[in-house]
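Dropping the structure in here first, questions after.
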Amino acid sequence: AGSAVSAAGGDAEATTEDVAEIHIGALHPLTGSNAADGQQMAAAAQMAVDAVNEAGGIESLGGAELVLDSADTQGEAETGQSEATRLIEEGAVALLGTFQSGTSANVASVAERNQVPFVMDVSALDEILEQGYTYSFRLQPSASQMGTQGAESLLSLVEDSGAEVDQVAYLYEQGNYGAAAYETFLAEAEEAGLTVDPVIQYDPAAVNDMTTQITQVAASDADALVVTGYYRDSLLVAQAVDIVEPDLQAVYGVANGAYDQPDFVNDAPNGGDGYFDANYHWDVTNADSQALAEAFEAEHGEPIRSSAVLSYDAVMVIAEALERAGSTDTTAVRDAVTETGYAPLMVADGPVTFDETGQNTNAAVVVMQIQDGDIVQVFPQEFAETDYVFPAPPTE
Amino acid sequence: MTAVLEATGISKSFRGLQALRGVDISVEEGQILGVIGANGAGKTTLFNCITGNFPPTSGTVRLDGADVTGQPAHKLAHRGMVRTFQLMRPFHTMTVLENVEIAAMSRGARGGTARREAGETVERTGLGEWADQLSGSLPAAMQKRLELARALAMRPRVLLLDEVLAGLVPAERAPVLDLLENLRDTEGMTMVFIEHIMAAVRRLSDHVVMMDSGAVLATGSADEVLTDPQVVEAYLGKEASDA
Amino acid sequence: MLELTGVRSGYHGLEILHEVNLTVQPGEIVAIVGANGAGKSTTLRTIVGEVKLQGGSVTFKDQPVVGGRSHELARRGLMLVPEHRALFGSLTVDENLTMGARARKGRWGFEKDWILDLFPILRERRTQLAETMSGGQQQMLAIARALMGSPDLLLLDEPSTGLSPKLTWTVFDAVKAIRDRGVSVLIVEQNASQVLSFADRAYVLESGSVVLEGSGADLADDARVQAAYLGG
Amino acid sequence: MATSLQNAPETTGSAARRPTLSERQKVAIVTVSVLAVVTAVAALRAGSSTVLVQALVTGVLTGGIYSLVAMGLTLIYGVLHIINFANGALVALAMYLTFVTVDTMGVHPYTALLVVVPAMGVLGALLQTSLLNPVMRAPIQIQLLVTIGLALAIENVLLLVFGPTPRSVQLPGNVGVSILGATVELSRIYAFVGALVLVAILSLVLQRTAIGTSIRAVAANPEGARLVGINTKSIYSVTFALGAMAAGAAGVLVAPFTTIEPTSGAIFNLTAFVVVVLGGMGNIPGALVGGLVVGLTEQLAGLILPDESPLLAVFVVFLIVLFIRPKGVFGRAS
Amino acid sequence: MTTTATPRTSTSAGGGLTGRLTTDTGSQRSRGDYVVLAVFVAVAAAVPFVLSASDMAIANRVLIFAIMGVGWNIMAGFGGMFSFGHAAYFGIGAYATAYGVVVLGLSPWLGMLLGIAISVAAGVGISYLALRYKLTGAYYTMSTFAFAEALRLFVIGNDALNRTVGFTIPVQQGSSLVDFQFPAGSPWYYWIGLGLLGMCLLASILFVRSRPGRFTIAARDDDVAAAALGIDVLRHKLFAVAVSAAITAVAGTYYVQYYMFVDPEIAFGAAASNDAIITAVVGGTGTIWGPIVGAIIMAPLSDVVTGFLRTPPPGFEWLAGHGGLDIILYAVILVAVVILLPKGVYGTLVSRRRKS
């Protein structure tokens, strides 16, 4: 596979020689504060590789087996970069990862300079794909896609339920991820005549108590609260909502890091009952996805996270591209990735389709709700497991 | 002759404690003023106020007639007024020679010159055999000498010495006293020195100030002051009868 | 009480003391005199274990002294007033004295009043921070703190340094007074003439070796000592 | 009365080192007027008195929690002059110990104090004896690096043992209650009270007990301490143990309202440093005051400058306070 | 090594650092350091011919660590001001470069000058306040920490600086010395970095031998005594801060051009400050060559450990696949080195040599 690297210079012809092994590099935060996701993602990627190999490997390359080289970014951009360089040098023909947007941005530039395709599973930041890169792709909806779609979903949901929601409060983490989600949500909401007020941002790394923020919400006329944040801070929001008891019809996460997590159900007051989240999610209604979820839980003893399913999808996109390319030449693989039509295990508007920036245009959010301790897909109708409950006041 | 150094009405209080209460001293060119006084009388504090370590609460310090009250220590040093410290302050990661060289360099001597001057000063102060030893591990008495050597390398016109003889065995005081006397007599250096060793006070001082509780209790020639009954009572004790 | 036999010690492989033999009997004042840098302070620091013993032995009350455990010595009744005093600068005068009393483990003690009578200024400045005291005041406090520990053997490193003439005598009188109360004293002094006048015995140290020893009076009369240490 | 290791307590009647009354008054007047102005601006920005009251109450409570977490840090710095970068990791460790205790024994979370605090004490003593005592004479950055290494090790051992999934501890009956019209979680009130109790206990230990006086003596001058018969090495170990126990108590009390992850303690590191410096390093009640300053600043800044991280305001206040009082609010001027 | 016989009452900033340092300066008049520097650069220049591409990534990180260590060492080691916030200068260098390149369209070299200028101004400004108001010891240290943190938060809240996103340097194909950009894996990154490191070392040597440098060291040992000898302590300390900030900013520029990405956490996070300290301390604080030795040891360590655990030797397979174990091992080695050699690796060698 070492030849793949020298071929990456661009002038070598695509080779069709038989190769025994094809290396794919996976970069995830196996340690640090996002290790919970990172470890699952690495595990799911491995499951995808195993699945491909069990099904006979890459047939167009003589049944070559995939080998997953998994690296720990430690959640740090520079480690991500040096690990990516190492993986490429050790023969990886494609990369996937990395969860943190900063790390992904860094790996994307490595991929670009080495002309090795890089498929991002999770990394929401829009800016990563705004550099004019031609070797970087993203499966996950970007933050702004999620903001827009989150607003659209909320508006349809409200309309569908016939409830009265004229004004929402928006609480978001002040980084670019939260800001992008908020700004695109706002644009969509204003167009539909929905008032967004108050708008409160917070520092996710420093905040330890959300009571004041929720008191601000309670003091306003907002009918619902929209939250974009990470796990810890979103849980703080739920705790504050529980004690301040604002008069709300719903708490609605947009790309929220907590409200679709099984842990949240354990940690939140009242089990987080009724909380919504419009987020990327694996498709519970899809039989293949369910099979993967069961296999994962059987193997790793914990419910699979959507981030891990994205990693699975990312490996599959790469495998499928390899199959069509019939080559380990990285530029050829890149070209094949561009034309992928892989049907993801994630909720999506259709097969994976990359636009010229590398963004999956069919990436979509689905609205989930916590009902009696379960996180269920409730909206739109085609992905709904059960009916939504709206209004769903967060406090009795 | 006018006073080279003149401090008038110096007062200093630390929070509630009045350490100096309107002290006046003055020294004329080429003269040596001895300052004596009980422990805690305020001698070191007086030095600190004069040399700019901290500003006096009130009072003025004049050097060559110019008001220099509250000027920072390093400026005063360059105006020719240099001091030593009662509790020694060597640059402890440097050798004795390097310590002195720093002073020579600070005065303005360049490279080789500074080194040569430092070597001379080290010899002159009897630190020759210690020259290459790290100053931090010097015995206390040698650190005292180093204090003196560094100050001399600044070629001061006014030298303030805070107990440079303390810790020296009597036999080793003599060369230091000789040196100081020589500096006055041949170079016309002006000095103020704090000392508890009466033999030295008698030998060196042209004039003596006795301080008590932050104020000047007696002043005059060494003989006058040291026989003053108040001074004997407050300060000398048995020493007076011995002397 | 205290016995040094063939003591060798120094810093970082550099030997300062060469085969020093020295004893202190109960109830004696023993003086060490010597030129600057002769190793007087090093001797005292070796005795309390602050400087590592490289050879020979130190015994206090017939038990060997182990290096690095000077705190045990204090409890056994040996107190040192070091050259640089080692006061608790950020504690008050009173607290310094109280800490001194810590060393006293059930031993008979000097009354605090008796000690404060020696140095009345300390009584006035009970709540002043030790580090803001003048040089001489700090010296008094250091001695007083050691006395609070009711030592059986008191080591003093140049106690008169920086003291006014009157106070120097006060301190020396105090040394005699505590000897009279049964405490042994090992004192290092640059004021050789004064200290030899009341020391029971004395040693002369030169370049880390004992070159002379004898009664205080004998040494004071010794021509060599006079030439070397008493002149000036 | 300030219990401080660095700066001896202000004893009444000490003419020598009491700030003159006017100086104190000045500081007090400036502080109060600044607070009043800031609060007024915050009130205007908040536009609602409920929100303002809530911010003030929350500020005080989180301030208490910050000082709780900072207590061990200040103690250890005060005596050992070690900037204990591992303080946060120790707090995280205590949270996990709480989790394990509650999980395996099914007891009330606060009973975990009985297990966690002694366990942390033993661990602290061991760490000091084995890792830090050998470098006590080395310069400050050596000890800092040891604690940085320690923090990395503890956090990753926790990761290895407990995995990355966040854990939580539920406090029975942890409801919201109303104080002055503001709503607060009971567990946070308990933690605040815990901070007060800890300040009182540590102050008492330091001021009134034999071991406390020894600790202060060692802080002031280790050689002097040895000379009066104090075993400095064991005092070092005792102090680190006390510091670790304080971190342990903080971990238990904070656990019910935080997400327990290996990095859960480290997120307090930053504020804890600020709190300790503001209060004067080594000053126990100072840490409480420092905590309140940080907590209130954070909350009021959140109202006044909603677009900036409240921590930015905290750091600005921090730098300003340091320039005005270079040894912290309670420190003596140099 | 030198336990002073007198109580240390120095109030120099970062006083904790001033004790027991070895300074390999002053007494040597020889041209030794310059010769060593020339030999070092010459030998190190051959490294790309020996190492593989991924090892070169580590070699480049060694350079970054080394420059940061050299920078920190000037201020803390020689100047006695223990900075826990060198991320500030590193970050300013990185952001100035990135902003210059991305927004202003400047050459990275101009960006570097800009970074140096801002960094020096910021360092001198904040240190002036800190020293002027007599912040000492841990208080000084914490003020540097707070300054770096405040910068990080400021950037996070600043739209013009892209908040949390940071900057990505646009990729160009092909090499350009002017644009400081080369194909991935090009040895030119290394050579330029080595050149920069060489210049920083030269600056460091010149500093230590210069009058201001020696006055700074004197002030570190005892600022009151230095002032009494006519040394303007504040001015010299600020000069040391300026040199230190400038060097550290260079590391920031190099970082950005090599990694082509920077965000607030990378630039101003505590990790950057820690790296600077670890490098210098492990090598030997207050020595010219300590930071280089420290960088050579510490920068590759985490990769070595991770590599070891990825493919453990026979008998150690059970170690593989435990997330976090590599960091634990790294931490253990760090702690062990620091405890066993508190003067640093190079510092210990120097003091051994001095003694014999």
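The first chain written gets the first letter, and so on, giving A, B, C, D and E; residue counts start at 1 in each chain.
Note that in this section a residue touches a chain if its C-beta (ideal position, glycine included) is under 8 Å from a C-beta of that chain, and two chains touch if they have at least 3 such contacts.
Keep in mind that this is a model prediction, so the values were computed, not measured.
Q: Can you list every chain in contact with both subunit C and subunit E?
A: Correct list: B, D.
Q: Name the chain pair with more contacting C-beta pairs, choosing from C-D and D-E.
A: D-E
Q: From the C-alpha centres, identify the chain that is farthest from subunit E.
A: Result for the farthest chain: C.
Q: Starting from the Cα centroid of subunit B, hunt down the chain whose centroid lies farthest away.
A: A
Q: Centroid from C-alpha atoms only, then distance subunit A to subunit E, rounded to Å. What do you get?
A: The mean C-alpha positions of subunit A and subunit E differ by 37 Å.
Q: Quick one: report the Å distance separating subunit A from subunit C, using the average Cα coordinate of each chain.
A: The separation of the two C-alpha centroids amounts to 75 Å.
Q: Let me have the rounded angstrom distance from the C-alpha centre of subunit B over to the C-alpha centre of subunit E, please.
A: Each chain reduced to its C-alpha mean, subunit B and subunit E end up 43 Å apart.
Q: Which residue numbers or ranges of subunit E touch two or more of the other chains?
A: Touching at least two other chains: 1, 3, 5-7, 9, 21, 153, 156-157, 323-324, 327.
Q: Enumerate the residues of subunit A that touch no fewer than two other chains.
A: Within subunit A, residues 31, 35, 38-39, 174, 203 contact more than one other chain.
Q: Where in subunit B do residues touch at least two different other chains?
A: Only 14, 17, 87, 137-140 qualify.
Q: Which part of subunit E faces subunit B closely enough to touch in the complex?
A: Counting only subunit E, the residues touching subunit B are 1-7, 9-10, 21-23, 26-27, 211, 214-215, 217-218, 220-222, 224-233, 286.
Q: Write out the stretch or stretches of subunit C touching subunit B in their complex.
A: Touch list, subunit C to subunit B: 11, 33-37, 41, 83-84, 121, 128, 132-137, 139-140, 158, 161-170, 190-193, 227-232.
Q: Please name which positions on subunit C make contact with subunit D in the complex.
A: Residues 48, 50, 69-75, 79-80, 82, 85-92, 95, 98-100, 102-103, 105, 125, 127-129, 132, 145-146, 149.
Q: Per the contact definition, I'd like the list of subunit B residues that touch subunit E in the complex.
A: 51-53, 72-74, 77-78, 82-83, 85, 87-95, 98-99, 102-103, 105-107, 132, 134, 136-140, 143, 150-151, 154
Q: Applying the document's contact rule, which stretches of subunit E touch subunit A when the two form their complex?
A: Touching subunit A from subunit E are residues 52-54, 57-58, 61, 153, 156-157, 162-166, 168-171, 183-185, 259-261, 263, 265-266, 271, 302-303, 306, 323-324, 326-327.
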